Structures are given as C-alpha cells and as structure tokens.
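All chains are identified by letter, namely A, B, C and D, in their written order; residue positions are counted from 1 within each chain.
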Amino acid sequence: MNEYRLRRRVQFYETDVAGIVHFSWFFRYMEEAEHALWREAGLSIHPPEGEFGWPRVAAAFDFQRALRFEDEIDVHLRIAEMARKTIRYECVISKDGHQIATGTMTIACVQKKPTMRAVEIPDDIVQRLSASKT
Amino acid sequence: MNEYRLRRRVQFYETDVAGIVHFSWFFRYMEEAEHALWREAGLSIHPPEGEFGWPRVAAAFDFQRALRFEDEIDVHLRIAEMARKTIRYECVISKDGHQIATGTMTIACVQKKPTMRAVEIPDDIVQRLSASKT
Amino acid sequence: MNEYRLRRRVQFYETDVAGIVHFSWFFRYMEEAEHALWREAGLSIHPPEGEFGWPRVAAAFDFQRALRFEDEIDVHLRIAEMARKTIRYECVISKDGHQIATGTMTIACVQKKPTMRAVEIPDDIVQRLSASKT
Amino acid sequence: MNEYRLRRRVQFYETDVAGIVHFSWFFRYMEEAEHALWREAGLSIHPPEGEFGWPRVAAAFDFQRALRFEDEIDVHLRIAEMARKTIRYECVISKDGHQIATGTMTIACVQKKPTMRAVEIPDDIVQRLSASKT
C-alpha cells in the first residue's frame, strides 16, 4: 500500500471569513489521507503504547484554487520516497477532476524511549508501505 | 485566585464562511481563560508527568451576539463552585462592554494511575484556586 | 428528515496532550451531523448567496466517556423541537454502542438583509426537516 | 513595517496525542504574526467590505524541534520579497532563543469584484509594508 485516495467533504468549520477553506486545513487533509493509507496497510501511525513516533520534518503546499463549504474533494496521497529513517509523501487535492492544491510532507521515525531519537524504519512497516496497491 | 480576565483578539482562522467566529471557538476561549487562571494561581492544569487529569464533564454556552475578525474580547472566568471532586466555572465573553456570550464548564479531578478514576481535589490546588484575587 | 446518524472516525488533530479528543470537537461533530441531516433533506444550511443564516443560540454537552485517535463513532442527531423561529437538536455520541456524550444545540433563523434579524423559518425548510425518516 | 515579532503561548487545544503542538498550528502561528504585522502597519488584511483579498499561494515549514503545552514562543515574520502582485514572507519560530521551525508563505493580491483576479498591490499597502521598523 503506497498510495491512497481519500474522498472527503469540506466542513463548515473549515471555512473562514474569506468564504473559502482556511489554508491550514489542507495540511490536515493530507494527514488524514496519510493515516488512512496506514490503516489500509494494516498499520496505525499512533498505536496505544507504541514504541515509535512519526514527527513531521517538513510540510508544504502550493494552492491553485479555493475550496468552499460542502465541496467534495479527493485527496490523493502517495509515498514518493522511503529512505532509511524518513518517508516523503506527495499529495494532490482535486475537485471534480480539477487540481486544487499540491503538497509534500516528510516524516521521520523516532524511538520514544529512553530518549527521543531518529531510528531506522522497522522492516514490517517498510514492507507494508512498499507493497503496490492491489 | 478564583477569577481571571483574559483579553484576546479574534484570529482569522477562528472565523467561518458566515463571517463570524465559529461557535466552537467560544469553548476554547473559555478554556484559555481557565488555564491562564491556573497559571496565575501558580499551577499548571497539565504539568509534565502530572499525577492528575482534569477532564471536562459538561460545557455550555448561550450566544447573544456575534464576534468578528480582529475583535478584541474579554473572557471573564470565575470559579462558581468548588466541590470535593469537581470545579464549576462561569464565563462571560464581552466586547467593548457589551455581553457577547455566557458559558459554564464543569471539570472533574481524576487520578491517572493505576487506572483513571475520580478523586478529591488535592488541598494545595483547592487553596490556590480559592484565594481571592488580590 | 428529522434525524440523522453520522458515522465518523476520530482524526489525529482532534486529540490533545491528555490523549483524548478535545472537548471542543464534540460541538463540531454535532454540527457535522446537522449539516449532513440538512443535505439528506435536500437542503444546504449555507447555500451560496443564501437569504437566510442560522446562528447558534445555545450549545451544550455532557461528557461521559473519552474518545481516542482512530475511534469510530456514531453521531446521532435529531430535531427535538421546531419552533417558529428556532430549531432545537438533541445529539447522542456513541462508540460500539456505548454512550460517550450527549448534547443539545439551538439555532435561529435570521434574514441577512437589509439587516440581520430573526424571522420565521421558511415553510419549505420546515416541511423538509419535519418529514419522518423513511 | 516589514517585520514583526509575535510573542505567544501554546494553548492546550493546539497539542495532540503525541504530546506536542500539531504541525498544522505552525501555519496559523505564521498567519497570526502576518496579521499583527499588518495591524502594526495601520492595515487590516481583511477589512469589512474590503475591495481586495489575499489568498495564500504557497506555504511551507521545516520543523526542527517540538513545542509543548504552555511553551512561550516567538514568531518572527519578515517580508522577504514584495513583488508587483505577491508578497513572500519568511518566518522563524523560536523558544528561549532556540530555533524551533522555519517557514515561508506567499500571498497574492486579488480584486474580489466583478470577478476574483490577481491585481497589483495598491501603492498605499506597498508603502506601509515597505517602511523599515522604527
């Protein structure tokens, strides 16, 4: 499972006084798709008492069009690169086939104890996230 | 310290497409004032490795007027009742002396370990939150 | 259409450092269900260039249990009272059949122009929201 | 006024179950500083009935360290480039002198009516945002 398409409707509280979705929400849409991708791969990015954490190292969006209340959107996330300790995603948000915004996000694998430090991504996770979508 | 007045400006991301502050934010304003009250009393409601938690048991708001982007508001919170295991706050949000909304919130004291359960509020906290504002 | 059941998953950004869903999100869950109910009735609560607005007059929640990341929840909203100018909803949020929280929300119908003022709910809306779920 | 330093405390609802500030909030911190900069320059980025809008064209953050509940942070925003139709900001978020994250944001000037289209930034705004901090 190395990509995922999330279909989602824009909620009222995601809009702002300019009448459109506040730009901070695009980053949350991207993360929702990420967590759905992980679930689809049989994983949780934050299991109870989990040994590893996945802090965001970088996140970016270019915005081409605006989104409005009740729009139905597609959030297409794919793993663009899986390095030893980091994963980089690419994301395209679209509506009715029109591209709205494009994003990227890089996350790092950290071991929580005894002290937070970057570690290699566990093999099981690498394998589950590397499998092609069937 | 049994009451607190927080002065605060409405942020852009707190507004919605109706042009006003989304109602869910009033609950966050109330909580901001609560945590500021605790700090003023020399406490943190969520210290690192803290023994106690303070889940919300009930929260309510009546809305009389709307708030808009860049409005400066006053969030006046006071402890209306300190019971053995719970605290009840009353809150008035106003702008330029005009009442905007009134709220209430009840929180319970819980011990986190070994299992989450309601306990009596520690004496030190009772005393710090009972002192009159000087 | 006078009631609606929304199934929804708890998102990561809805949690807080206490490890549970921040209480402000319950109000947003309730509103999501409201807007889904309106859509199911063939309505939008905020159509582009709409003549009417629906400010919240009151909102309240009692919290019985906590919600956590990735929980799947049911948000059951029903219209408890339709008055001439206001609608009152009752809401039950549950997980796996266990009640998590109960809420209420009252909204008012206002005409936006020439000046914002409370008006009677238009007949078409009354009828659509009064029909029993089929 | 071409730069601004905002001092701000991390709020409880900005944290997530990983115990740190959710990354989406950094973008809101950056925008808070932007709007404070505009106010300091005698402007509002969204005046009532304003002729112009300022949609975000791009936004990005690199995250070096985490923020936690009640941290006091500095959000230093400066105008890195003022083009004819766009403004690019650079932002450094720090705590106790330690750099936490660095961001950039580009906004475009659009005229709202008759149809939304990119236009040159009005002279008055250029001048107010170009003046050195005194």
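Heads up, the rule we're going with is that contacts are C-beta pairs under 8 Å (C-beta built on N, C-alpha and C of every residue); 3 or more make two chains touch, one makes a residue touch a chain.
The model shown is predicted, which means the values in this text are computed figures rather than measured ones.
Q: If we define chain centres by averaging CA atoms, which chain lands farthest from chain B? Would you check?
A: If we average the C-alpha coordinates per chain, A ends up farthest from chain B.
Q: Count the C-beta contact pairs for A-C and for A-B, then tell me which is higher.
A: Taking the two pairs in turn, the one with more contacts turns out to be A-C.
Q: Need the CA-centroid distance for the pair chain B / chain C, whole Å please.
A: 23
Q: Between chain A and chain B, what is the gap in Å from one C-alpha centre to the other?
A: 33
Q: Taking the mean of the C-alpha atoms as each chain's centre, how many Å separate chain A from chain C?
A: 28
Q: Which residues belonging to chain A are in contact with no fewer than two other chains?
A: 12-13, 17, 20, 24, 28, 31, 46, 68-69
Q: Quick check on the complex: what are the chain D residues that touch chain A?
A: Checking each residue of chain D against chain A gives 17-18, 20, 23-25, 27-28, 31, 46, 53, 55-63, 66.
Q: Mind listing the chain A positions that touch chain C in their complex?
A: 11-13, 28, 31-32, 35, 39, 44-46, 48, 68-70
Q: Going by the contact rule at the top, pick out the chain B residues touching chain A in the complex.
A: 12-13, 15-17, 19-20, 22, 24, 68-69
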